[in-house]
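Next, two complexes with subunit A in common: one pairs it with subunit B, the other with subunit C.
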Partner chain A sequence: MSNPFIRIDGVTRTFGEVYAVDDVSLDIQQGELFCLLGGSGSGKSTLLRMLAGFERPTAGRIIIDGRDMTDVPPHARDVNMMFQSYALFPHMSVERNIAYGLHRMGMPKAQIATRVTDMLSLVQMEKLARRKPDQLSGGQRQRVALARALARRPKLLLLDEPLGALDRKLREETQLELKKIQSSLGITFIVVTHDQEEAMTLGDRLGVMNEGRIVQVGAPHEVYEFPQSRFVADFIGTVNLFEGTIAEDRDTDAVIASPEAGIDIRIPHAVTGTAGQPVAVALRPEKIVISRTLPDPYDNVLTGQVTDIVYSGNLSVFHVTLASGKRVRVSRTNRLRAESEGIGAGDAVQLGFTGQSAVVLAS
Partner chain B sequence: MSHTVLRLVVIAGFVFLYAPIVSLVIYSFNESRLVTVWSGFSTKWYGELLRDPQILGAAWISLKVAFLAACLATVLGTLAATALVRHGRFRGQTLLGGLVTAPLVMPEVIIGLSLLLLFVALDNALGWPGGRGLSTIVIAHATFGTAFAVVVIQARMVALDRSVEEAAQDLGARPLRVFFDVTLPGLAPALVAAWLLAFTLSLDDVVIASFVASPGSTTLPMVIFSKVRLGVSPEVNALATLVIATVSILALFSAWLSARRRGAGSGLSG
Partner chain C sequence: MKRLVALVPVAWLGLFFLVPFLVLLKISFSEPAIAQPPYLPLLDWADGILTIALNLGNYIFLTEDPLYLLSYLSSVKIAAISTVLTLLLGYPMAYVIARAPEHRRGLLLMLVILPFWTSFLLRVYAWIGLLKANGIVNNALLAVGVIDQPLVMLQTDFAVYLGIVYTYLPFMILPLYATLSKLDADLLDASADLGARPGTTFLTVTLPLSLPGVVAGSMLVFIPAVGEYIIPALLGGPGTLMIGSVLWNEFFLNRDWPVAAAVAIVMVLVLALPIALLRRVQAREGERP
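So, the complex of A and B:
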């Protein structure tokens, strides 16, 4: 494989005693839309700011397109950033905002005018070119910020919570638009977000960060379906975690003894570990079938009592308490308006799942 | 009921604050030479004023001093505020912040005296500033004007969104370019306010100027002060009215400027 477009190599950034970013290594390919996902204080923004040049790594190198950029100041990098606050120049009109970076490049005037027109039409802001930022709505400002950051045709665009300030409906539309713009221009995007749904929708790949480290990298479905740690399983989506120990581990199947679940959980494949090792079985709420009496046989069946039902229109989430006191969340699509088998709070229920849809986590 | 009481209290407050000034303005149009006896409307004292070379000369000196001191204070204030706000922690930061704003609370007599001693010592050691005059008053006024300018500019700089400057840098602007393209326009209202503040403070200072001025460089407040010692003349009333008019216009202008900026700024945060 050829050299990656962006190579982050053992980058660490400390602020006093605090490791904001702790020995992160990451390769990103050209044209990729990569999402850095993490909670606040996970180091994702610091990592982004190091790519832009606003922070210097305490250790490690950052290589972009074959060139070591670690010590290059922000104004000399072929990298642009879209700021969380948009950071538009308040005293300049929309077109002057977009043209600003082009003037700094020394681009001829006529060419700047063409480029600004192109960018305005890309983000559908032609009619508002002469407005000042304070005369625009949040969504319009977001578009101007994007156009300004893209105007110089950077090799790499960094987006810091690009949709954070938009309301939900607008955010969903803008996600798709952002993806479309990215693939049509072929520019590599790195998006920082704390919103796991946004990261899954936008990203070709995700990097999940926690306490300054990258804990898992992969395509959205890989990270969701095959989390490698309790942290990732819990951070991305909702999950039920059953603590237990490996009781049997054979070539074709395994059994996890889990007093918390009240049963021996059967997994139809080998797990990596030794007998007696403590593990957790992670199970997504939508992978469990809930019924008073299950119509079909399942590898694993739990019994419990419904304590709560949370209705949210398309879904209902059932909170079921097992004999061990463990609470399990089960979600079910509300396929029929009048549910034939109405389950109410206090009902005794069976929960069925296949071992295939569970993930055994050692860490 | 409580509304009426509130209104009365407000009116009483305004009367307390402005009645002396209003009466001064009214008596400046009094025809009589006796300040306390009204004998008819006249603008003759304004005419007298314009024919008084001592007052005109002093007014000109005051304006020159105030203009130069305000410019100097604004530039120094901007530099000090930049150092305090934008350069992270550095050795002596707290000391600089304290020292820069110390003149705000220092008695004027002490500032005046210490500057006088400094100028005399400098004269003996370096032969500069070569006696007292316009330049020593400008330096003295710039000293305490800077203290006020720092406070005003610093407050604005803290409120400025840092990422706007970073955006300019990110789009290819070198640090100096960022300062002139983004930081300075953002600071503009504060710079105007600081300049106007330093200007008016210089215009009405009498204590410090008395220490560092020479007989050839008497400022307007010094002239008024010396005239009043011989009894209040209607001429002084007229002069004071003109000073009040100038200061009011400047104050209104700066208030209008900042209101306009606020109106524009509120859209940004919304």
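So, the complex of A and C:
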């Protein structure tokens, strides 16, 4: 891994006083599907626009396939982008939209025709080749935009919120399709999204951005199970955070005193930090078992009262208030049609979890 | 209620466009006479018999004297060249305004409209002051030493073109600005992303998508320019042949209202036919998938 395919090296972009992208360094491998995940204003779109060449970095370098592209204009880059708005040319048919980039390469006419046909069949749009963009549905436009961006066989494809405009059902289908196309063509994809679920399903790896910086990079399960900061724990999925201090830290286990949780939380491994240091214990709702009286022993057991139950079909989310007033979310799969124990609002319950499932966050 | 609202423009057009047009049409078919008004009535109710004296002579007369045909052709030529010049000058201006930061666009548009705050006639007279033999331009050039004899600019076709382009430029810029400012910036980025240099992007994306503005602006300049009277009368020379002055001469010098009316009717047809054709072409464009 000495020479990554794409190297973003200390890239900063300022707009006046504002740091849109702040000293970002990132390596991406060839053929990877990388997701940049962040809220609005996190700098993810600006980073993408710098990769496409629409924005120049204020500082830092962008190297693609061994070539320094920092100052290369967009039309001379072997990089294509699928725009969030799709940006299809309204005065051109589907065919001509797809052929647009090929004409600019000076490709011979016969070859263009073959490539356009290939692209149309790749996205299953053969029958609509002569339509204009305003005669297509949102999903069809999305396919044309993808075909147009892929037609030049770029080294790198940038996708800005590629599924943002589609409805939920279509989005799930398209996610799989996009992944299939990506792996069959072997083109490196960088996808920008604000939807953490989409980033996790789509990406081989994801980079979480906040305030212009990359705060964590990793495979989806790493980022979800082992968030390195409160921001990431909170941004990806739902999390319960218990404030506390390190009470004991040994080689094989640790104890976090948390008045908020009402107990000393036992963690079966060493933690980084010194005794007395304030930390937070992050715990996902699905890692907690809820019962009137827990059938099995757990390292850590909290007690509280159910204040609310949110039923969403496959899942029920219990809102439990502890003695300290802290509210905890616990989710449970609705394996049976009827709630077996009959837990209702106002009931006293026990919440059990293993220290293994919790993450201790210093920052 | 909806019908009532639609009735207002219909009534307006009927009262101030259709009725005068019909009056004009009627006059164009009458016999000239030394009378008040200077033509014979079209319909005559005498001895219980209605006679319609439809006189085609005025139209035939227009074809007999080459002056009229030459004037029409010359008017269309002057208007067409002026329209192209206005387009060439107005397009970049509209483009720059549309691409300017939003807070500056208002000011720039204001500057485009500003000349309208002074009377049109005064502005044309001001050009006389600029262009005449001992006018501001010639004096400035003489003082600098670029020329040693004053240039003849006034009472030439050059002055007429200058006057028309200057006067009608805002009518070109405003519709162009309207279409260009609606142009999605993502489309320009997408074109660059797909390998187009800025010049190619302009020709393949910006220009085709701004065509409605080009057509609207060109119409707004071409149509009044064909019938323009004041600019050629004040800035043009004896060689400047335009249908507006022919019309004026027929009405006020010859007092031949029927021929003048025929000249006007033909002018309306000359203008209306290409517009109708253009509209049909546009309608077909819109239908095509």
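Points to keep in mind about this one:
Just so it is clear, the second predicted complex is superposed on the first by the 362 of 363 C-alpha atoms of A that agree within 3 Å, B and C clash if a C-alpha of one lies under 4 Å from a C-alpha of the other, contacts with A are read in each partner's own complex, and residues count from 1 in each chain.
Assume a contact is a pair of C-beta atoms (placed from the backbone, for glycine too) under 8 Å apart; a residue touches a chain by one contact, two chains touch by 3 or more.
Just so we're clear, the structure is a prediction, and the values are computed from it rather than from any experiment.
Once subunit A is used to superpose the two complexes, subunit B occupies space that clashes with subunit C. When the two structures are aligned on the shared chain, A:R56 is found in touch with neither subunit B nor subunit C.
Touch criterion met: A:R148 reaches subunit B and subunit C at once. Legend: residue contacts after superposition of the two complexes on their common chain; A:P74 is shown touching both subunit B and subunit C. By the touch criterion stated above, A:R104 is placed in contact with subunit B and with subunit C alike. When both complexes are overlaid on chain A, the residue A:R131 reaches subunit C alone and has no touch with subunit B.
Using the contact criterion defined above for the overlaid structures, shared-chain residue A:R292 touches neither subunit B nor subunit C, since it reaches no partner. Residue contacts after overlaying the shared chain place A:F89 against subunit B and subunit C alike. Residue contacts after overlaying the shared chain place A:R327 against neither subunit B nor subunit C. Common to the subunit B-facing and subunit C-facing surfaces of subunit A are residues 52-54, 73-76, 79-81, 83, 85, 87-91, 100-101, 104-105, 132, 135, 148-149, 152. Those residues of subunit B that touch subunit A in the complex are listed here as 161, 163-164, 166-174, 177, 181-182, 185-186, 264-268. Every residue of subunit A that touches subunit C in the complex is listed here, in rising order: 52-54, 73-76, 79-81, 83, 85, 87-91, 93, 100-101, 104-105, 130-132, 135, 148-149, 152. Chain contact summary for the complex, subunit A toward subunit B: residues 52-54, 73-76, 79-81, 83-85, 87-91, 100-101, 104-105, 132-135, 148-149, 152. Residue ranges of subunit C in contact with subunit A, taken from their complex: 184, 186-187, 189-197, 200, 204-205, 208-209, 289.
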